[in-house]
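Please read the structure below before turning to the comments.
The letters A, B and C name the chains in turn, as written, and every chain counts its residues from 1.
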Amino acid sequence: MTSALARGRRYVRVAWTPIALSVLILLTWAIVENAGSVTLEEDVMRLFLWMMLVLAWQLFSGNSGVMSFGHIAFMAAGAYFSALLTMSPILKETTFPDMPRFLASWIHPAELSLVEAMLAAGALAAVLAAIFGIAVARLAGVAAAIATLAILVIMNTFIVQTPAVTGGSDVLVGVPRETTPGFAALALVVVIFAVYAFKQSRHGLRLRASRENQEAAQSVAVNVRLERYIAFVIAGLICGVAGALYAHYFTGFAPPDFYFELTFIVVAMLVVGGMQSVAGAVLGTYFLTIVYLAARRGEVDGVFGVEPPSGTANLLVAVALLLALLLRPRGITGGREVPWPTALRRRGPVAAAAAGTVPEEVKEAIAASPSRPDAATPTSGKPL
Amino acid sequence: MLRIDDLTVAYGRVRAVNGLSMNVEEGEFVGLVGHNGAGKTSTLMTIVGTQRPAAGSISYEGQDITRRSPDDILRMGISLVPEGRRIFARLTVGENVQIGGHSRRDRAAVAKDLERLRERFPVLAENWDRSGGELSGGEQQQLAIARALVSAPKLLLLDEPTLGLAPMMVERVFEILEELHAEGRTILLVEQNAKRTIDAADRTYVMRSGGQIQFHGTSRELSEMSDFEAAYIGMAGDGAR
Amino acid sequence: MIAAIDLQVGVDAVSFGALFAVMALGLALLFGVMGLMNFAYGELIMVGGYTMYYTRDFGALPMVVITIAVVVLVAVLMELFAFRPVRHAAPLTLLITSFAVSFGLQQAAFMTVARGRQKGVEPYPWLTDQHHIAGLRLSNLDVLTLLVAGGLLVGMTMLLKRTTIGIQLRASTEDYQMAQLVGIRGNRVISFAFAITGLLAAAVCILFVLRTGSLSAQMGVTPLLIAFVGGAIGGLGSLTGAALGGFTLGVVVNTIQSSLPVDLSGYTLMFAFLFVIVVLVIAPNGLLDLTRRVWAAATTRLGVLDRRAA
């Protein structure tokens, strides 16, 4: 093997998980592009956006072991802020007549592109996460989870109670539809690589160490607070971006869209997939989304001529979730990433021995060597 | 009375106990010693039913108890004084002791036993209404033993009762055990303090890592071993921890 | 005049807080015994509410009795079918399971009793009769709430400290495995805990519905949130702490609501939860732990002063 090829092979092997997962995403996108079905496109957009949220959650909660119920709040912030920046000024005048001057002066005239709005959304989400994260990073387990729950409620209450800026509890409409499945798929691929890179980076490693044993990690100079803070803010940023993409595809949304139901779905998807792996985030999302959307189709279109009552889909998701947890409590992936395919594994003697298949010639050579006469025979396990 | 056959206990892929066989006859004081991590606690936890073995069997008075639940096994007469004492810190001393007797039907007999325990452990009687968490280590150990005794066990299991105790308290614990033995109770004592255990017990098993029995014998037999073996299990000088 | 208003606000707040103390107690009981954060607990209130609706014409006492019976039954069934199979699973799995049960119950309600016109239970007229004591207005409902909540808290304390099953519950709450090793039957204790929680939930539900009157499939969500968060800031590990925390947050929420100008009163939950975050940062081990430490610090300082004086 030439060294360039060997190096290439090594890169591919290192990034195998995100590469494999991205291929899956791109395949999904290709199917949608060619099917030409609007409903399928909507379903797949939901899949992509949920997956982005689940990945953000994996980055923080999966690596740190700290539950966050609050990240959907950052998605809401991203959705609303990006919408405010891209809606047409005339529409904004009529929808938000009471917006205070200091905000309206630059929001009303603004008409940004999707990319700009997305970046702004991510920035705002990151800033909010940076503020709240100061408190959350200092707290342990249960207390941190409660604090994040508080964040979710705070954001929701704020949005509902401040119609001058957000439209309140009414559905906000008129957001230009600019997100395409292709763009979303691209963003998702970037996020997959970013989340995996984080996990494998020094930060990710330190965070995971603190998850396993906080005191031990601190004793080797891991600044647990700082690591959690960094992960919290990055996850918030990703959620903000997802919010912007969501707003510009579904073009109409309201505060309940970013509250407990979505939080539950995101948590469920990661737990079912396997909290500790990026592959778990992706596969868990696929699994539950397929169940949910299939159930929804059944609910809307009827099954065998019978129309199930509204809410059946949700019920089915809850049941599917329970079953999955009973059968595989550690998640579908059990925390493992995508395995390097066995067909591509090397066949050298060392690797083979490690895989348990020792070639005959090697066995004989070992047996014939004088220094270790009993090495060829397996240990009998009998007491001395 | 208690027979363990070829017991294997695994946590995932790690085998804490691998093919252990031993037995305890009625009225005996049997010791089980070995280094940290040898599998002693796993063995006890499997006997009382908290842990399921991967292979092997445990029988008690002729009946197979390998897969019985902990409260069944307690009602059959096996009581455990666990590692770390694990007294209920938020319950009072009195409640801790009484809780050991909840499984018994005969209230009058329980009351009598409680009285006798208060005499045997005066320090507990003095602190009857204080919460368990306020006692010292040695007092908590006595409480744990008293709690186990209230269920009127025929077989008493103890997991490292002297761990973390001052030498004087260690002596007191062994005194109590010897008294209980003299009264006819069957005792299985798991300890790291090999020398003291071998002296006190009728027979002692020495376990090595992986949970197999390495040496086994009475105090006299073990003391007749070669110097090397003796040093290995810590009979010469201080215990090899 | 201002003092009287503050006290008035205080009285309402106290009766509101008492409700949440009881609810937080129920949550903490389950948390201690099973390590289970039972999000489906709010749905017990919802079930009770709809039971009240369908039995409201039976008379006050039958309605109460039937509601209690139904809620306790649902609680015990919940344990038997949803939580017992996953009892030995990881805490996160238990959490998700309780989410799923909560969600499932809400959906079931959506599909059945919560359809169509919104249902409600009209408060009995005599509940709003008011008494004037020392310049304060106390409605019958307030009095009833305080009496029932107070009675339940006292009753629970006696149950836990004086009865055999109470001691077994406390032991199981502290160290479930050890409790089994001293012969406590886990299943019995847990079923009993769920039944007691059901009773507490039924009481909270009745008082709550009599206060607010309206029913919906999601009516259990906000009370659960307040009870859960309140219990957590109090310290879910101990029953007293949880009750204290639930009470505190209930009082805080009610006080904020009454104190805010009308157009801002919608922000109540937002301010309340900002308060929660602040409390968590100051007292990560819970309010009970904080009060204990403050008390200990204060008394030792006084003790030192005494010795110096002598």
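Heads up, the rule we're going with is that a residue touches a chain if its C-beta (ideal position, glycine included) is under 8 Å from a C-beta of that chain, and two chains touch if they have at least 3 such contacts.
In this text, all values refer to a predicted model and were calculated from it rather than measured experimentally.
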item: Centroid-based (C-alpha) most distant chain relative to chain C; value: B
item: Among all chain pairs, the one with the most C-beta contacts; value: A-C
item: Length of the line joining the C-alpha centres of chain A and chain B, rounded to whole Å; value: 49
item: Rounded Å distance, chain A centre to chain C centre (Cα mean); value: 34
item: Distance between chain centroids, defined by C-alpha means - chain B, chain C (Å); value: 42
item: Interfacial residue positions of chain C with respect to chain B in the complex; value: 164, 167-168, 170-171, 174-175, 177-186, 238
item: Complex contacts: residues of chain C adjacent to chain A; value: 82, 85-86, 89-90, 92-93, 95-97, 99-101, 103-104, 107-108, 110-111, 221, 225, 228-229, 232-233, 236, 264, 266-270, 273-274, 276-277, 280-281, 284
item: Touch list for chain B against partner chain C, complex; value: 48, 50, 69-71, 74-75, 80, 82, 86, 88-91, 95, 98-100, 102-103, 147-148, 151
item: Parts of chain A lying in touch with chain C, wherever the complex brings them together; value: 67, 132, 135, 138-140, 142-143, 146-147, 149-151, 153-154, 157-158, 160-161, 260-261, 264, 267-268, 271, 275, 309-312, 314-315, 317-319, 321-322, 325-326, 329-330
